[in-house]
Amino acid sequence: MTTLSFTKTSRFTKAPARLGKAGTAAAVVVAIAVFAAIFGPWLAPGNPDLPDLQIAWVGPAAGHLLGFDFEGRDVLSRLLAGAQSAMLGPLAVVVLAMAGGTAFALISAWRRGATDAVISSGMDVLFAFPGILLAVLAATVFGAGLVAAAVALSIAYLPYVARVLRAAALKERNQPYVQALEVQGASVPRICLTHILPNMSRMIVAQATVLFGYAMVDLAAISFLGLGVQPPAANWGVMISENEPGILQGYPLPALAAAACVVFVVIAVNVLGERLLEGEGHR
Amino acid sequence: MPDVLAVESLRKEYGDLVAVDDVSFAIGDGESLAIVGESGSGKTTIARMIIGLERPTGGRISACGNDRSTPARSASKRRQRGREVQIVFQDPYTSLDPRHSAETAIDEVLRIHHGWQPERRQARVAELAGLVGLDDRQRAVPPRSLSGGQRQRVAIARALAAEPKILILDESVASLDVSIQAQVLNLLADIRDATGISYLLISHDLAVVRQLTEQVIVMQKGSVVERGPTGAVLDDPRHPYTRLLRESVPRPGWQPRRRISALPVGD
Amino acid sequence: MTNLLEVAGLRVTLGAGTVLRGVDFAIRPGEALGLVGESGSGKSMTARAIGRLLPRGARSEGTIAFDGADVNKLDGKGLRSYRGQVAMVFQDPRAHINPVRRIGDFMTEALRTNGGVRKADAYELAAGMLGQVGLDTGNLAKYPHQLSGGMLQRVMIAAALLTSPRLLLADEPTTALDVTTQAEVMAILAELRRDFGLALLFITHDLELAAAVCDRTAVMYAGQVVEIRDSALLHEDPLHPYTAALAAARPDIGRTQARLRAIPGRPLSGFEAPGHACAFAPRCAHDAPGCYAELPALAGLDGGLSRCLRAAQLRGTLGVTAGA
């Protein structure tokens, strides 16, 4: 008598996406950023928070690869320390926006008809609010800070996620295998969670990475405006704004280094997302 | 013993279009009936109304003595209906979740309907897989590693897991190669012998209908135009449409004739 | 009479696998040849090879000769002329027509761009051809979504005939159609063939259909032609066990059988077939040890061709009347 097992081996992912050279490079960059976000404060060679105006704007020197910022703090250390909030903020936005957007997408796709129409109209209304505007509103109402900014951005991104995922959810929902389960009398949550959602997983992950890039730029901009993370906390967006005067004074490195971090991570995350999406569509 | 399926004056409208018009039939215990027609005949719509994927505009449907003319209110009612009537769809490539093996799919159905222990479920999965002729390898691999015929076997096993009294076969063998179609038709006959299940066969293929069913109704544009024992209707069709269907089947010496002759140019 | 189309020793490889392992047949001018096979038999790939529509990365060996000229060596003017003489019709008309252009534009495009025909003349020709297939000229102004599948397939046939081809390659043209529409389309094809002297390569999975409408029928299995026979003799006196098994596996509209005579196993594709044995032997009811040791060649027998080592021995025992 053969023994059967119904463990994970019976569930399968679709054929894996190929990363290619660009994708692998992007994955490496993202990995470094994640590593820095987790271990940054301990990796920092110097103290990211201790000002010493005597050495403000001093260029790269031994042990201080990127020099010092406008308050004499080691730029490299500050970048590493700032990685945490720079990465966590977008992560929070992505988690909230994806969770909310996916939920709405599934409900829309499952119920179709009037429910779908109402949700889609609601999403269209939300679309009208740009993320930064909502963040400014949140800052005026709740005070400046990362949490308010992140929540505001999640609300702004939610309709985008809902719209994109609604199409994928509808496609799965209309498949005969879902209908076969309906006919079996399977409960709606069961069908959505064990069947529809997993078959959308690649799309969801790909969208999440793209969203991460947007969130990072938007949050950096919000911090740059002074509405997000507050100085003297380390954060790449804050660093750009703090050290901006240095660019015109002939000390561009601190500001540009922070900007470069944002740019590289956003590009890497976007490329990774695109690579993952490319695998989508193979059955 | 009540009919396993009874359909009375069934009607379906889509706006102005009448897809199904006053259709009635019944299937007794252990009997098999075919609904024959071409596209637009309404045969698939009837199947979907019986199985609950579409809602009738009028008429009554009852299976195993229970009325199912309106959608089920509760989850337990839906499960109950799932144990009365099941369906195997036409396309083997979309009727299975691409992420689940046959074992997982069949096990899931068992879990929906019964609160059994894993060992008992495993045993039943093995039984069903064996019944439809799936070997150990075929049970455990994802659908993309299976051929069309093998996937249909999985779909049949999954449908049978609910132990329905009647199985709707909606063009279930139409996409299969001829040699595989023969295997699956034989399998369906074997299953019927073993379990006494009834079949409602939706098909455009008259030869398949002859092989599998003893009663047939012929539909054209939503209405029943002829009905009777399969052999009698196919050997001696009365209605002009049935005759036309019969004439359109290729056979040695067949001379297809045009109904619409060439039109003159420049009208 | 020289052959219009001659295919000899055609082998096609795609990537690491061989899709066609040996296709040989000839079509005379005005003749209809059926090409029958199940999944993986290679029948569609054969049509594409003849139409020079092989996918990228596919390599072919052997010869395809149209009117004596090697098709694979044609280019430029020669190729354009070839495409005017060999037209193709596919299974799903909707996939092969641009949905945002009108029928008239679609039909006249080739005439106007390649043939240099004036717009008014091209439209007149198209209208005439539509009439031949039983469609009203008003359809020229319609869009594809306004026509049914059967009507659209008739449009495709009309469009294919506008260049006055000498050979029509039809790849499962009626498989997606209702059976009554199929009969209509087959009747139209038969009439047009008579009127225009058109040769036809008719590809299908339906043995009965091919045998009923074609003069001769070729059967393919696992990338090879295994039998070519006059259609009239195909059911009574097939020369290859696979043909006989295929015919026997079909349910009979005239009677209910206790069990169908199914072929055990599943159809092999060219990729999977062994190189040095008969591909069908494991499923064959008449197999002998010799069948597993040698790849049979396509050999003549009684006016037909068969790729079976035991063909001569099995002669007369395979047909439906013989109760094999």
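The chains carry the letters A, B and C, assigned in the order they are written, with residues numbered from 1 in each.
Rule of thumb we're sticking to: a contact is a pair of C-beta atoms (placed from the backbone, for glycine too) under 8 Å apart; a residue touches a chain by one contact, two chains touch by 3 or more.
Worth saying up front: this structure is predicted, and the values here are computed from it rather than measured.
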Statement: Taking mean C-alpha coords per chain and comparing to the overall C-alpha mean, nearest is chain B
- prompt: Which chain is most remote from subunit C in terms of Cα centres?
  reply: A
Field: Mean-CA-position distance for subunit C and subunit B (Å)
entry: 31
Message: For subunit A versus subunit B, what separation do you get between their C-alpha means, in angstrom?
response: 48
Statement: Between subunit A and subunit C, the Cα-mean centres are separated in Å by 54
Message: Residue numbers of subunit A touching subunit B in their complex, please.
response: 1-4, 6, 9-14, 175-177, 179-187, 190, 194-195, 198-199, 283
Subunit C-facing residues of subunit B, complex: 38-39, 147-149, 177-183, 185-186, 189, 204, 206-208, 210-211, 230-231, 234-235, 244-254, 256-267
- line: Within the complex, subunit A is touched by subunit B residues 51-53, 75-76, 78-83, 85-87, 89, 91, 93-101, 103-104, 107-109, 112-113, 118, 122, 125-126, 136, 139-140, 142, 144, 155, 158-159, 162
Query: Can you list the residues on subunit C that touch subunit B in the complex?
result: 38-39, 124, 127-128, 130-137, 149, 178-184, 186-188, 190-191, 205-209, 211-213, 232, 235, 245-246, 249-257, 259-264, 266-267
